[in-house]
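Below are two complexes that have chain A in common, paired first with chain B and then with chain C.
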Partner chain A sequence: MFPEVFETRPIRIWLDNGLEWIVINWGDSFEAAATPLLWLLNGIEGGLLTIPWWIIIGFFTVLAYLSTRKATLPIIVLVSMLFLGVMELWEDSIKTMALMIAATVTAIVFSLPTGIAMARSATLRKIMTPVLDLMQTMPSFVYLIPTVMIFGPGKIPALLATIVYAAPPLVRLTDLGIRLVDPQVMEASRAFGASPRQRLFGVQIPLALPTILAGINQTTMMALAMVVIASMIGAGGLGYQVLQGIGRLEVSRGVLAGLGIVVLAIVFDRITQSFGKQLEARIGVGRGRL
Partner chain B sequence: MATKITKILAGAALIAGMAGFAPAAYAASCDTDKKIDIAEMSWPSAAALAHIHAKILDAGFGCNVEIVAGDTVPTSSSMLTKGRPAFAPELWTGSIVEIWAKGEADETVASLGAAISDGAVEGWWIPTYVAEANPDIKNVEDLVNHVELFQDPEDNSKGRIYSCPPGWACEITNSNLFKAYGLEDTFNLFSPGSGGNLDASIARAFVKQEPIAFYYWGPTSLMGKYDMTKLGMPTHDPEIYACNGTADCATPGKTDWPTPTVIKGVAAWLPKEAPAVAAYISKAALSNVEVSALLSWGSENKASAEETAENFLMTQEAVWSTWVDADTAAAVKASLN
Partner chain C sequence: MSDLKISMQGVTKIFGPEPDEVLSQLKQGRSKDELQAETGHVIGLNNVDLEVSPGQLHVVMGLSGSGKSTLIRHVNRLIDPTAGEIHVNGRNVLEMDMDALRDFRRTEIAMVFQKFGLLPHRTVLDNVAYGLEVRGVEKKERLQTAEKWIATVGLEGYEQSRPHQLSGGQQQRVGLARALAMDVDILLMDEAFSALDPLIRSGMQDELLVLQKELNKTILFITHDFDEALKIGDQVTVLQDGAVIQSGRPEDVVLNPANEHIEEFVADVNRARAIHINTIMETGDFGPCEYSVDQSACCEDVLPLFAEHDWVGVTDDSKSVIGKITAKRVIKALARHSAI
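Take a look at the complex of A and B:
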């Protein structure tokens, strides 16, 4: 096999001691820094839990109608959300929904500017690409256990893990969308005397909108994909129901909770996509228009 | 005449050739070609034991060995219904006593003795530094007087007690004990989701010298590393404990864990079709001290379960060579590098 070049154990011992040192000395500061995230999550969750279920289902059904102006989506949304309630998955679904919304919102807030900056600067793109690769492929438990040691088990590590996993697609697609804007259009806008800000908000972002919306869709999907991992560090919700199903060999529990996750995915994805299409149509960049 | 000599020579050559193709002589024979799958459960002592047994059976007995993943509930269910895996080196039968006994009576499974010769320990614990600072916390009931010490960071109104991940037998027992002690109004029973998370949460509290109330068991490296004090519970009552171990226990009661039964569980076909293997398994057991030493080495050297097993086989020959005869021990030793 591969020859031993040097003893690797001292490096690993040093890393572990380093982590312990960080936990002791910096643990409290990290926890304090993460408190706004926790407030956001608790606020969303608390709010959703206090609002009566029929208002929430009604809200999403109406939203589904407004986004498509047809009957199919609202009916699907209504039936699937009633399924969640009937199968006694309502509270878990709300917890998962809150985690997903908080993660997606935070991811969008950080990813869009990053993607735009990457589109403008080749150096930043060179630096960010390996970072994004790391975020997407590093197995979650590798950074989750240290995060649990720093922040404690529960919602914060779950939120951080979901954001780390869900943000890269949006960054990459925003970057791609803006770079793919037709250079001749950009030249024309420059010829008309548009300022950089007018070019960004008036030309680049609207033309990149379909790609950016695809990115938001991917971020939402990946946030939901992380729910089971999140539950393995104490976040609760539908992921925990799946985990119980796996651990206790209760296939029914796992399947029903899994279907619940699919329901949430369909509801959020279809509604956001439909609003996106409306936005594109209004701006005039709708697909299949040219 | 020439034909006869030729035939004799041909026959001798054939026999010599066959002898050349004979398999390597194992001191003890495996007696079966059937795959012996060994369950590697998700906690360190069980994982290390799985690899130790796998190595001995593979190198010493020449068995067709495979290591498969498992945990208390999935592995025992699988063994009771399908007879696979063949061997679970550290099976905690505390909360599956009845169904396991039925499996033994129906001859689907068998128990080949205790995995840990002098017994293990389970319970609810607090750090010793908390017990010393608050001498009035001696039993589980005393926890309600100090809810603010064990405050749940996600729910300021209640305290938090760390339970087991789903799939571990203790998860059910802890939920029933929680109900029996009437702690629902003052505490939240927190499910850590995974063994890694439970360990990380406990380690974090000890490193930061913060209070924490949790379930844990021994022998484990965490128990060896951190000083913890067990919370008192009423003496073990087998009937109450049996009910506590079932998910739909109507009247959970307060009772301590027994000195846990941790057995070496095998599928019933193993002693019948591979008696030499079964005889070996019956002899192979470790004491609490030996397991703790194994685990301490593992955690100090950041070793995987396989590396811990190899180190054990290399350094503790005096212990494991009593489980096998001299030739098998030599064969195992030769296979280590």
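Take a look at the complex of A and C:
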């Protein structure tokens, strides 16, 4: 046994009381600050639910065609999404999709500037790397409990937990993509008198785009991986079906909803990946996928 | 000094965390190797002086690690020197703030890179127009200018291609067109042809000379290839370990190498092509001659003539005879160092 160095109980009590104090005094402010996220999520969800199913399926099928210019992927996408409808999973799928899209959009808004800033400042990278490690490895239940305490069960903590888990790969890949831009091209751009802004938007971001897109792909995948956990604290959708399946020992419900998540993952993964490949081919850099 | 396009005085560049400390030791006369081993600092350039007059094609030559790429990057201040002065177009480059420097790079100087440095996500047309775009030239005008220069370097029909679809030689033509489209007096060429195949390299050298005759730019050209330096250079500066060891006309360097290092370089050079006859001819009037050549001819050109003639006359630009050249002189010049 490791000898007791000092009593740790006070620390734990202090932490618990601190959180309680935050909940009591700041709970409302936090909730108010997070309402835009709720609007975003509800907006996307409401919007997608009012659009007829065939338009949505058509949209993704066309998108799949545009991303590959071949028949295979559109057919896969069409069949997969029809499967969702036929198995009476359509509404739940849309809710899950809305959560994933809202999380991805928010992650992009925060991750791109962070990644770009990290690529430019070694100090910031040193600070952010352990933070990102923490975000990715800390078991999500650990931060779910305080978020639920602050925001109450519902969509906001579910969305926040999804963002925390899904954003790090995008930050990392944005940083990596920008740093991987050929230094010779950067030097040429400097030699012609390009300002930092011209270099960022004219050279670095366009050349890092395939890597950034790989990051967005990762973010969508990780957001989907979180939906079951998110449903525990109030997100509906496929994750909730899985949860119910487990609770009621209804294997069929769990399996079908689980397959639904896989279908969404395949649709989003293949489409974003194909767009990434298209972009790489246009630029002429075959960067290994990470 | 103001009539020089580029001038550098006592430029020293030390890479490392404490360049000033090492600089003072270097000035006390300690050797580069010693300081490098002791302090871990790399001395890129050591007290370099360089003068380039308008319209000159000035070649800086040296082996890899001699500091030549560092040197050319000082001219447009892609690298800041540790000490020394740099004037371009009569202006002190080191006194410019970031805005002035950016403006200077946009309007007074252009650069061609060894690995081309093209923007892979843009078409050839947009690549050539890049410098003008950065300068803020309106889209229609810059694309017109770009088209003109694409035609000049012989890439018509490739306007909408992407750089990776082109061969190395074509890519460097894009790089050259991008620099020329800037329409500036000073061109920096950093081993511009070194990455190309020998045949293509030779072709590009010829084209550069043709263009230069027409455009009369001031060109600072970096190379590690002595033959290239001799072929295109009006003036050659040889760099070794970051210091200038010889500067002069190409044939002066071939005929009178300053040290063993240059002699080694010169050993492989095709001397018959490098040495122009005006440097070895006898001046004076030697009576009517059966055959004459222009003074800019090189030994290679006159050698076949000696099969028929004992000597041939040498004429100046106005075609009047100014001297003669004999087989003996040519042989002597060609054999000079190999004989020792």
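Odds and ends about this structure:
Going forward, the second predicted complex is superposed on the first by the 275 of 290 C-alpha atoms of A that agree within 3 Å, B and C clash if a C-alpha of one lies under 4 Å from a C-alpha of the other, contacts with A are read in each partner's own complex, and residues count from 1 in each chain.
Criterion: contacts are C-beta pairs under 8 Å (C-beta built on N, C-alpha and C of every residue); 3 or more make two chains touch, one makes a residue touch a chain.
Here the structure is a predicted model, which means the values were calculated and not measured.
Once the two complexes are overlaid through chain A, chain B and chain C fit side by side, free of any clash as defined at the top of the document. Once chain A of one complex is fitted onto chain A of the other, the partner contacts of A:Ile24 are limited to chain B, with no touch recorded for chain C. Touch criterion not met for A:Ile127: it reaches neither chain B nor chain C. In the superposition on chain A, A:Gly247 contacts chain B only, with no contact to chain C.
When the shared chain is aligned, no partner comes close enough to touch A:Ala33: not chain B, not chain C.
Residue contacts after overlaying the shared chain place A:Ala188 against chain C, while chain B stays out of touching range. Applying the stated contact rule after C-alpha superposition, one finds that A:Arg9 touches chain B and leaves chain C untouched. Of the two partner chains placed around the shared chain by superposition, chain B is the only one that A:Pro153 touches, whereas chain C remains out of contact. Taking the C-alpha centre of chain A as the apex, the lines running to the C-alpha centres of chain B and chain C meet at 150 degrees, rounded to a multiple of 10. Put chain B and chain C next to each other and count what each touches on chain A; the higher total goes to B.
Measuring only between alpha carbons, the smallest separation of chain B from chain C in this overlay is 46 Å. By the touch criterion stated above, chain A contacts chain C in their complex at residues 182, 184-185, 187-195, 198, 202-203, 206-207, 282-285. Listing the residues of chain A that touch chain B in their complex gives 9, 12-13, 16, 20, 23-24, 27, 42, 141, 145, 148-150, 152-155, 231-235, 240, 243-244, 246-249. Per the touch definition, chain C reaches chain A in the complex via residues 76, 78, 101-107, 110-111, 113, 115-121, 130-131, 133-135, 162-165, 178, 182, 188. The touching residues of chain B, counted against chain A in their complex, run 71, 73-74, 77, 153-154, 165-168, 171, 190-194, 196-197, 200-201, 203-204, 207-208, 301-302.
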